Structures are given as structure tokens and as C-alpha cells.
Amino acid sequence: MAALMETEGLVRHFGGLKAVDGVNFRLEPGEIHALIGPNGAGKTTFVSLLSGRLPVQAGRITLSGRDITRLPAHARVRAGIAYTFQITSIYPRLSVFDNVALAVQSRGAADIAAGVAEALARVNLTGFDAQEAGTLSYGHQRLLEVAMGLALNPRVLILDEPTQGLAAGEIEGFKALIRSLVPDTTILLIEHNMDVVMDLADRITVLNFGRVLAVGTPDAVRADPGVQDAYLGGHHAAG
Amino acid sequence: MAAVLALTAVGLNLVFGVMRVVNVAHGEFFMLGAIGAWFVTHYLPVPAAMAWIAALVIAPLAVGAIAALADVTVLKRLKYDPEATIVATIGLLYIFQQAALSFYGPDARPVAPPFHLRLQLPWFGYSGYKLFVVVAAAVILLGVWLLMTRTRAGLVMRATQVDRDTARNFGIDVDRVYAGTFALGAALAAAAAVLIVPIQQAHYLMGHDPLLLSFIVVIIGGLGSLRGTLVAALVIGLSDGVISMFFSPTLAKIIATLAVALVLVFRPQGLFGAKE
Amino acid sequence: MSGGARIWALHLALVAMLFAALFVLPTYHATNLARIMVLAVFAMGYNLAFGYTGLLSLGHAMFFAAGMFAMGLPVWHWGLGGGPALLLGLVAGGAMAGAVGLLALRTAGVSFMIVTLMFAQAGYLTILYFGQVTGGDEGFVVDAAARRLFGFDLSSDVPRYLAALALFAAAMAGCLWLVRSPFGRVMVAMRENEERSRMLGYDPFRVKLAALVISGVYAGAAGAAYGLLFGYVGGSFATIQYSILPMLYVLLGGAGTVLGPFLGALLMFYLIDITSGFTSAWLFFVGAALVLLILFAPKGILGTIRERGARWLP
């Protein structure tokens, strides 16, 4: 089966730092794919290359076989790659409705109000429409961010540490939400919380020093000795 | 007058470099310096040369004090937000201009040079005073350079320029550094004006050209780079005269302003600044 | 939507009041008000760029002047009629904004301010340089024969007032419709969080360019109308002063509000008018108003009212 998204030899250096150093990567249609690795392994840089927030120095990115390496970020979003920020990035001074409406109208939906209602319902924020987004609780702001990603109706949804700062109860709800999205939407997830990763992911890619250390199912990755040395074996042994 | 231009532009760039404030009222500090010189030389009952030297001390000090006041009462309250401070300094520009018009009047008035001396070189005569201006400007610039590189005050200013918050954590009184920097920048413009006023006359609208030229110099030399400013001031100060010989002054200005805009668009780090 | 009805009712009421004012006010004030309405259109255009999209330009005088001269020059040199000349002014304002935007929008923030300032200064100097064609600093009087629109003589008071009101009403309706449209939402999104907007699929450059062109069309229309209604075209309208004025109006009335530019123009115009009655130091008031506004009320009058409760205000 053809990959939905694929990279070949992707490179991005910052001065002497090889943040992403020749990464080959496949995202299969309909899967939940987790990207893990120690801090500074290049995860955020890698998804920034995928979403077009950073320019690629070498290598190739394809979406359904189409080369999108040189496509600017906004055009990639239109092509179906949505990105939610690691540090919550919403429009704090606009209403919740306007926040989501901006995403809905971006995909060219005819009925904006209906699209907003649907996206808010999916993340359980119905009824918050008129509230100023900046006054929402932190957990709700994260959900709003996810709602904005969903409202784009993306083919690929890239989530950068979505559960960071969420309470335990909120995490359960979040996992259920992600499961409900596949297989219509393919999920690429950067996550530090190993419970979430092992629970949700169909496949995992482990990055270390800008290179792919291992790829496979959660069980295979857990069993990989290289991964245990570099990552799980350290301070995450209990996870 | 490349030397005077360099003084004014260094003042503007100092303020931008350390405070990240684009001071649109900088030309008015220049103007206030010139008018201050006229007041001092006009009312001080001493010989012209003495009065002029007094003006060279008093006018920059007074203008610096005004600038420090403006910093504390206005810019500090805006938390040095770049866009808000531009709007505020435009407001200050109007206020200073009106103050000069009201208290000084619409006339251009001359200030007597401290001495008359004509150097008669074999092929052309040259005003001794103009040479003196160049030397004096160079001395002041050297003083600024020593201040920035050799003294504690300069170290504190450079530290604040690199990182305001860290400087604060090291116990540096950032508010005082900013007020001092703004005052120093303004005082440099005023000193430049006192130097030039025996040649040019003092007028309440005289701030426009120095402002425009300093902008050009600072942008071409690179925002925040004092060395670039000096080089650019020399190049532009000299070439301004050359361009004006071939084209009309208006056309020269058109070319210069467009050039500045294009430099900002395509080489925001300045022609002499290093990339990143 | 009842909110929509209330909003349109409020703005229609203002237009009705301005219409009624024609029959109530003495000629002197009616002429002032006509001037204010045209300047308010200019400020509305400025507000679309600055208040809604967050583009702080210091060069809008060049769009105003582009409209004014594109209207005035063909009238002066070739005897073009008022209607086509007005249209020409409007197009020129937009085209100028488009050309400047293509370059200036590669920068942001402080650089954008300086670049627009420099372009405007170059524009002003160009008008002076070609003084033989443009009239330079002294300008020229627009031929009375050209100052006619649909058979009305714009040099007499009542038609002039009505023409200004018509332009104002059209501009306001357009502005209201635009800011409540999906595109208006995107403009605000650019102001609030450009990076987020990009990652929602909007090209910041294109959105800002479009906003600037619309803004330029407003400024050009105002410039052309000003020349046509008051019969004078001059280089002084291209000076930095005329870039600052709309900013002042918008800051005073409230950036990012539809009625703010009009309110600001009205108050500022009369502040200057009244103070110049007993002192020539009106520049001082402009400067002081700028400083005080940015210090104590950066949201302006309507912006503050909106914050204190009237959140429905567009």
C-alpha cells in the first residue's frame, strides 16, 4: 500500500547542530503514528519540516506521491496537513467561535456555523462559542487548539505534545477523541507520556540525535535494545 | 558634512541599538541643540568664542535632560513597545517643533562661529572652522567609543543591549540605563547641531534633513551597528555632495529615500552588517 | 441574526443624523462636516490596514495623494470630467498600495513603518520634482467645470455635502460588510496571530496585500473626493502630516472599530478648529493628543466602550 506521507533523507542543520539528519519516514493511511525520542532528538524540528514551518535543506517530502518539499506552509495546510502547536497557539482575544470559524472557512466550507458546532462538539466544548478564547482554562485551550486542527478536515493531523499539562481525567478523554478520528484522519503524534503512546499508537518512530533509531509496533519498539539504551532504559525505565 | 552626520546618526543608532526604540523625534533634538546654542550665545554676556564653547556644553546637557524626561514620562510607560514608541516620538516631534516655533519663532537665525580663519591652500581656500568641526566631531566620537568600550557605563549599556532581562537580574538598573542612553543619543544630536549652527543657522524646521539622513545612514550601516554607522555616514556624507553635483538636490533625496526603503526590504541587516 | 440588525440600525441612524445635520447646521459647520466625512473615509481605509490587519503604515499620505493627483492631473491637463476622474483616483490609490505592498510587506513591524515612511517621502519629493506637471508645493485649483457629478455642481454647498455623505455612507457600508465577512475575520486573525493563521492555511502575504490594497482604494477615493469637492490639489497632501492624521483619528476614535475613524476625525478636527481660534499652536495639540492617546487610551474611545460592555460593536 502506498504511504500517505513519506520523507527521504530529510536534513535540517542549525549551524553545527544536526537537528534532523537524513530521516526516512513513512506515514501509512489511517494509522496513529507516534514520534518519540529524548529531548533535543529533533522531533519538533522534524514535524516543522513536514508542516513547512521550516525550510528543508536536503531531502524530499511527498504527500500521496506528490512532492511537497518546496510547498509553503499555508499551501500544505490547504493540501491537508494540519499542525497543532506544542505551545498553545490560539487567538486569545477572539471568541471561541471565531477561532474555530477561521479553520472551518479555510477549508472552504459552505456553512461555517455548522462546521464550528461540529468541531466544538467533537472536543466537548459545545456552549463555549461566545467566550473569549484567552479566558478558557488551560485544558480547554488545548482542546480548542485540537478543534481548530480538526475543523480543517485534514488528511494528516500533526499533534505536538497535545497532552502536556492536561489533568489525568482530561487525558482519558483526549485518547478517546484521537481514536474516534481514525481512520478518516491519519494522526502523527509527538508525545512524552509513554502511557498515552503505548495505548494509542499503531506504530512508533524513535528519533535520537536527528536520526531514526527504530520503527515498529509499540511492543517491538519496547523490546528493541537500542531504544532501551538510548531512551527507555534511562530515566523512563518504569514507563 | 559627513562628520556632523556621523554624530547625529550614532546618537540615533545608540538609542536603537540599546533600547530598540526608533526615535522619530531625533531630528528635533538636533534642532533643539541648534536653538539652544542660539539662546546661549545670544544671552550670555561673554565674547563670541567663549559663548559658543559654553553652548557646546550647555545645549547638549539641556537637550539630554529633556530627553531623559521624555524617556521617563513617556517611553518607559509604554514598556518600550517598538510600534507604540514610534507613535509617541512622532507626538514628541510635533510638541518640540511647536515649542520651538512658539518660543523661538519662525526665523532662521545665525550663530557666530567661535573664530574666523581661512586656510589658504595653494589651489583653494578652505574655511578653518569647517576643519575644526571635523576634528571636534571626531574627538566626540572617539569619546563615545571610549565610553562604550572602556568604561563601566559602556559595559552596562552593552549588557543591556544584549539581554535586558539578564541585565536586570545582575542588578543593573535598566530604567536608568535607558534614560541615560536616550539622553546620550539626544545630546550627541544636540552637540552635532551646535557644531553645525555657525555654518547653517538655527531654524525650527531644521530637524527634518538630519533625521532623514541619519535614518539613511543607520539603515544602510545596519541597525544597532555603530561601526557600520560611521562608515555609512562617511560614504553618504561625501557622496551626498557628489550626487548633488550631478542631479538636483530633490532628485538626490528621492534616490536616497528609495534606496533606504529597498535596503530595508532586501537587506534588513544593512549593507555592511553581517548576515545573522 | 438580531445582532446584525442592531449593528446596521446603528450605522443607518448615523447616516440619517448626518443627513439631517445638513438642514440644521449653519453653512460653516456643514462644510466642516463634509470635510470630516471625506477625511473619515481616509481614516476608515487606514483603519482597515492598521486597526483590523495590524499593519502600522506611516505612508498612507501617498495613497491619498495618488488618488488626489490621479483625479486632478487629467482634469487639469486634459479636461477630464469629474466622474471618471474620481474613479481614476480610486484605482490609483489601490494600485499604489499594491505596488508599495509588494515590496513593503516583505518586512514587518518597525521596518514596515520605516519602509512605508520612506516610500511616502519619495512620493512627496517626486511630486515636487515634477513641479511643472504637478503644480509642486503650490498645487493647482481644480477647474470648476470638472467639479460636476451627475449634473450636480460640487462647488456649491448642498450638493457637496450630499456627495461627501454618499461617499461616506458607501465607504462605511463597505467597511461594515467587509469586517463582518469571513475575509474580515482573516484580517483580524493576521493581526492577532500571524503564525497560527499561516498554519490554518492562510497566506499572510496575500491577505495583508489584499487588505492594504483595499485600504489604498479607500485612501485614493478620499483623496480624489477631497480634491474634487474642495477644488484644490497640492503637494502638501503628500507630506508625512497626512500619514499621521488618519493614524491620529483612528487611535482617538478606536482602532478596529467601524465608527472609530469618523468619531476620531470629528473630535480631532474640532479640537484643532477650536484651539486654532485662540492659539496658533495647534501642532502642539496634535503631538500631545498622540502622546496621551498612546499612553493612556491605546484602544481609543470606541475601543474602550467596546471593552466595557458593548462587545457587539463591530
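Each chain gets a letter, A, B and C, in the order it is written, and its residues are counted from 1.
Keep in mind that, in the parts below, a contact is a pair of C-beta atoms (placed from the backbone, for glycine too) under 8 Å apart; a residue touches a chain by one contact, two chains touch by 3 or more.
Computed from a predicted model, the values in this text were never measured in an experiment.
J.: Show me the overlap between the contact partners of chain B and those of chain C.
T.: Chains touching both chain B and chain C: none.
J.: Measuring from the mean of all protein Cα atoms shown, which chain centre lies nearest?
T.: C
J.: If I average the CA coordinates per chain, which chain comes out farthest from chain B?
T.: A
J.: Measuring from the mean C-alpha position of chain B to the mean C-alpha position of chain C, what distance in angstrom results?
T.: 34
J.: How many angstrom lie between the CA centroids of chain A and chain B, rounded to a whole number?
T.: Here the centre of chain B sits 51 Å away from the centre of chain A.
J.: Cα centroid separation between chain A and chain C, in whole Å?
T.: Spacing between the chain centres: roughly 44 Å.
J.: Please give the residue numbers of chain B that touch chain C in the complex, ascending.
T.: Listed in rising order, the residues of chain B that touch chain C are 22, 74, 77-78, 82-84, 86-88, 90-99, 101-102, 212, 215, 219, 248, 250-251, 253-254, 257-258, 260-262, 264-266, 268.
J.: Which residues, counting only chain C, touch chain B once they are in their complex?
T.: Against chain B, the touching part of chain C is residues 56, 58, 103-104, 106-107, 109-111, 113-115, 118-119, 121-122, 125-126, 128-129, 244, 247, 251, 281, 283-284, 286-291, 294-295, 298.
J.: If we count contacts the way the header does, which residues on chain C are in touch with chain A in the complex?
T.: Going by the criterion above, the answer is residues 182, 185-186, 188-189, 192-193, 195-204.
J.: Which residues of chain A touch chain C in the complex?
T.: That would be residues 51, 53, 72-75, 77-78, 82-83, 85, 89-94, 98, 101-103, 105-107, 112, 148, 152 of chain A.
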